[in-house]
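Listed next: structures, encoded as structure tokens.
Below are two complexes that have chain A in common, paired first with chain B and then with chain C.
And then the complex of A and B:
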């Protein structure tokens, strides 16, 4: 690279950005090369299936053997009409709303309080950090067995409660089944969210705590006036992540309540997609339900983001 | 550059998708004549696998150019789901000896099955082997897309020790009428002998009615199918009696509303179960079991039950169908059926089993009750939308019978109405 100092000022000006442009193009090539496997992965695993799902949702469609020439006619909004008129779909979305109303505030509250506690100098801090994380990395199937041991009709909790135990029992009670799943998922995922908050807490300046202490603020006041505002970006992340994972609930109702029981009181939209699309052979209905679910998650997530970022 | 990379990636992705979609299938006419190696799928029942491997070894010994490989069916929640996924992927074996008749209309709709009636001796062989019960397995177009292979007529198996513990006579259990069955159940639970009198799964799975409602309905109705001549049959006096009987079991906590995470009869948690003869081998080392017919309101004789039949089917991905058809006939011959009965205790779909295999039933008297019951079995209706129909029934059953959130009469009426709607929809899908 060279710069012609004898050239006219304009020429210098036009030639000056060239090295930066070349460097930028070089970086772009390297960047594109590095990201291309992931972009390919995204296109193949997410983009193409998503577009295909939307296409299926507007056609009468079912999966067939290879080489089969089956007509898949355009049916417009027919599959969506079926989705919106199916009472089980309505029940499934109501179940998810109940789940989110319990799970999200509980997740945010508990994980923030625990993270704040685990961020202070307490004895056995390493043990507690690991202990809260263990359920998150343990397979759902194993944890379900623990939950059933505790909350089965013949379980440990009912033995303690005796005649005060709910009837029907926790997991087969239509009023309690979904709250039980929400609490179960909160417990299972808490370690992950505690970890997010712990990372965020490292960025809250110690001088803020010192200044507030000098102003006479106690621990509780410091928590609400320094910690909570200090981790607000993490709270937004936790809320949105909890909503997305909650809306994709499948294995917990499938394993804990025998596939959505009692009487669909714990059926989730994703579980219903599985039942309709795979068990009953209606991928078109399942695709329309999937699109509706994506829209639902987006609306709830945007609303939650507006709520958590209010006042920023 | 970025735009070119994006285009290249998109083309790659679309090419991959197109390749995946551009699957091919064997030419039916050529495949029907072709001979060569094939693969067969067996269930994962240990006794069936043992029989299957011996059967395949016997075939391979005499047919070196037409080697058969036996494998257990791929894992899945149910074998129907595994088969359905394989049909779509074009990876099914030539034959599967574990096809549920309820799934046959779906497999047919997927163009996954070969019509066995298209083989020159197909109709004759299937009809002669199965006898009078065979016609239940014809599809709506009149052809056979399954060979009715074995039945597991559902009966009441009970734990003799728990009956004795409850002060009941284990050799002469009172289980014939609904009143007797309920009285016996109350004694079993209230004496503390068992947590549950009987514990069928209360879950919402479409196939669960086959182990609570359907055997009882077959017995009470004198052998009616769920649907006959395009109309639901269960919103009737027989259906209402059956629903009321089961509702009483759940309402009085004689049958739990919670799913048992294992085998309740084997674990001594339930005193009875509705199962077929396959279970005898599974329980015999652990539970002292007795067998009784499914109850009816008045305990009348000549009662029917659900067949819990499994068929053998040939799949459209099979390239050597002539060999597959010969293997199918070999595996379901009188000699192999005898070996199958000996190894598994399950009933080959043949008439008059006790006369055909007298030696086996003399040695194994408990199985004779199942062989007698096998003469009076009812199959699931072979209609399009079969799984949807069972799901619609199950949804109303769990709501009304298991959880009592509406009357049992209303539950049956709603299920009948929904199923009529589904039958019309499948009859005219436009």
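And then the complex of A and C:
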């Protein structure tokens, strides 16, 4: 751009098209070549498995030893019928909803408050940012080990609470297992959303705060009428992330609540896919469940987007 | 004058006091489990009561115990190979793709970019079952590093970061080199990449935590204990090997410390490169 501005206008007009035309032809080969490994990756890791799941979900499918071939007969919607009549499937989807109902408001509330508190020139800003971010970069498996120890029936938290400790304890209580997972995930990922809101707060105009202060709005009033609407795009992202996380839940129910909690109280759809598909050898059931889960994620995402954007 | 000046300062200091209280409460909530993890891993007898939070009678026995139960060195090596494989693939192929998407024209560019954005919205765990069937059964890559690396080989978020960074560079910068007859690969290597070092560092940090911390996929593809990365062997210790050592909770926390340490140290070392704007651009898709 700047080069063209410096040159004489006549010279630009006559000389520009020729090299650009030549360049365009040459470029297209390099571009396609550069991007091809990534495209191959997307096909092998995303497109083929996605299509394969749908295919498996309509067939009777068995795991076989490599080299042996067993027929996979077409069974229509039979796998889907099994999925929809299995009560544990319903429980697993209900569990994601419980997860979302707890995780989304907690994440939005806590990370927005912490980001607002962090959004000024205060001492120790770097320390606080690092402290909030540390759980986010740490492996779930390591954190699950600590939480099991903190919230076990003979753990730190119950010792603090004494006779107020829940019975059965947190992780083995059918009412508390799923909420515990939601709180754990909120805690683990909060730092990420604090940073997201912090970036988003930079885009909220200072003049809005000045104008509302002029109108006599206090700090709390300002928070709700300027800050909260100002960071709405970030809030939409929190909701979408929560849905994806909920749909992906596996290690937390598997490890934190010992394979899905009492009476499947914290079983997630992906955990169920693992149990049905690999432990019990019904990959066709698991595939149909996967397809239902994709549909569920899409419906909930669209509904959430409609809901969060309605205010605009 | 003298009547009005004290008031704003007093209100300001009250406001910052509230800030500090909130931030400190947050910091305690975030850091206490880590403190508890480290202290618990060093105590001779680790029980869940309140005394476990006080460091006393410290010993390294738990590290030796978890090492003998799951061979830490071998697990760490497996984690390292898996992570380095992913980082290399993301760096090489991701930079190429990011540069092409930002600065080059080719057929299907819009479709590739759309796919890049879409992929970040797909719950990846959903694909683990068909991927497991393909990778383990059809390609025979169970208990194999290639099989462990494959699903994460090119991190799409990193590709997006590279693309954003290269797109900010003015085209005129590359035009001159093209007129001089430099190949695109040479332009990328000599001009674009040196300028993109901050983006490369951020992308590598972002990419690192994925394979290092991943549990489900390596758990599915590795049955042989000698091939399991630390997250998987620690999880198997958590669910069925704890009875084999004298102080199971301490050994478990020791393993957790070893698993947590590399990611936390890397993050703290490069924290200033890990800015909120990068995260913001990383998730905008």
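Please note the rule applied: the second predicted complex is superposed on the first by the 275 of 312 C-alpha atoms of A that agree within 3 Å, B and C clash if a C-alpha of one lies under 4 Å from a C-alpha of the other, contacts with A are read in each partner's own complex, and residues count from 1 in each chain.
Rule of thumb we're sticking to: a contact is a pair of C-beta atoms (placed from the backbone, for glycine too) under 8 Å apart; a residue touches a chain by one contact, two chains touch by 3 or more.
These figures come from a predicted structure and were not determined experimentally.
Engineer: For the three-chain model obtained by superposing on chain A, do chain B and chain C clash or fit?
Structural biologist: In the arrangement built by aligning on chain A, the partners chain C and chain B clash.
Engineer: May I ask you to name which of chain B and chain C touches more residues of chain A?
Structural biologist: C
Engineer: Just chain B (first), just chain C (second), both, or neither: which does A:187 touch?
Structural biologist: So A:187 only meets chain C here.
Engineer: Which partner does A:174 contact after superposing on A: first (chain B), second (chain C), both, neither?
Structural biologist: Only chain B is touched by A:174; chain C is not.
Engineer: Identify the partner contact of A:143: answer first if only chain B is touched, second if only chain C is, both if each is, neither if none is.
Structural biologist: In the superposition, A:143 contacts chain C only.
Engineer: With both complexes superposed on chain A, which partner does A:135 reach: first (chain B), second (chain C), both or neither?
Structural biologist: A:135 contacts chain C only, not chain B.
Engineer: Does chain B (first) or chain C (second) touch A:152, or do both, or does neither?
Structural biologist: Both partners.
Engineer: In the overlay, answer first, second, both or neither for which of chain B and chain C A:32 touches.
Structural biologist: After superposing on A, A:32 lies in contact with both chain B and chain C.
Engineer: From the options 96-104, 222-230 or 258-266, pick the one stretch of chain C whose C-alpha atoms clash with chain B.
Structural biologist: Answer for the clashing stretch of chain C: 222-230.
Engineer: Which parts of chain A are in contact with chain B and also with chain C?
Structural biologist: The answer is residues 28-29, 32, 39, 44, 48, 52, 63-64, 66, 145, 148, 152, 154, 258, 278 of chain A.
Engineer: Considering the complex alone, what residue numbers of chain A touch chain B?
Structural biologist: Residue list for chain A touching chain B: 25, 28-29, 32, 36, 39-40, 43-44, 47-48, 52, 60, 62-68, 70, 88, 145, 148, 152-154, 168-169, 171-172, 174, 258-264, 267, 275, 278-282.
Engineer: Which of the residues in chain C end up touching chain A in this complex?
Structural biologist: 15-16, 18-20, 22-23, 26-27, 29-31, 33-34, 36-37, 40, 47-50, 52-53, 93-94, 96-97, 99-101, 104-109, 112, 115-116, 119, 121-134, 137, 140, 150-151, 153-154, 159, 170-172, 175-176, 178-179, 183-185, 188, 209, 212-213, 215-216, 220, 231, 234-235, 238-239, 249, 252-253, 255-257, 259-260, 263-264, 266-268, 271, 274, 276-277, 279-280, 283
Engineer: Please give the residue numbers of chain B that touch chain A in the complex, ascending.
Structural biologist: Residues 1-2, 5-6, 9-10, 12-14, 16-17, 23-25, 81, 84, 87-90, 106, 109-112, 195, 201-206, 256-259, 261, 315-317, 387-388, 391, 395, 398-399, 402-403, 405, 429 of chain B touch chain A in their complex.
Engineer: List the residues on chain A that touch chain C in their complex, please.
Structural biologist: It comes out as residues 1-4, 19, 23-24, 27-32, 34-35, 37-39, 41-42, 44-46, 48-50, 52-53, 56, 63-64, 66, 110, 113-114, 117-118, 120, 122, 124, 126-135, 137-150, 152, 154-156, 158-160, 187, 190-192, 195-196, 198-200, 219, 237, 240-241, 244, 247-248, 250-251, 255, 258, 270, 273-274, 277-278, 283, 286-287, 290, 293-294, 297, 301.
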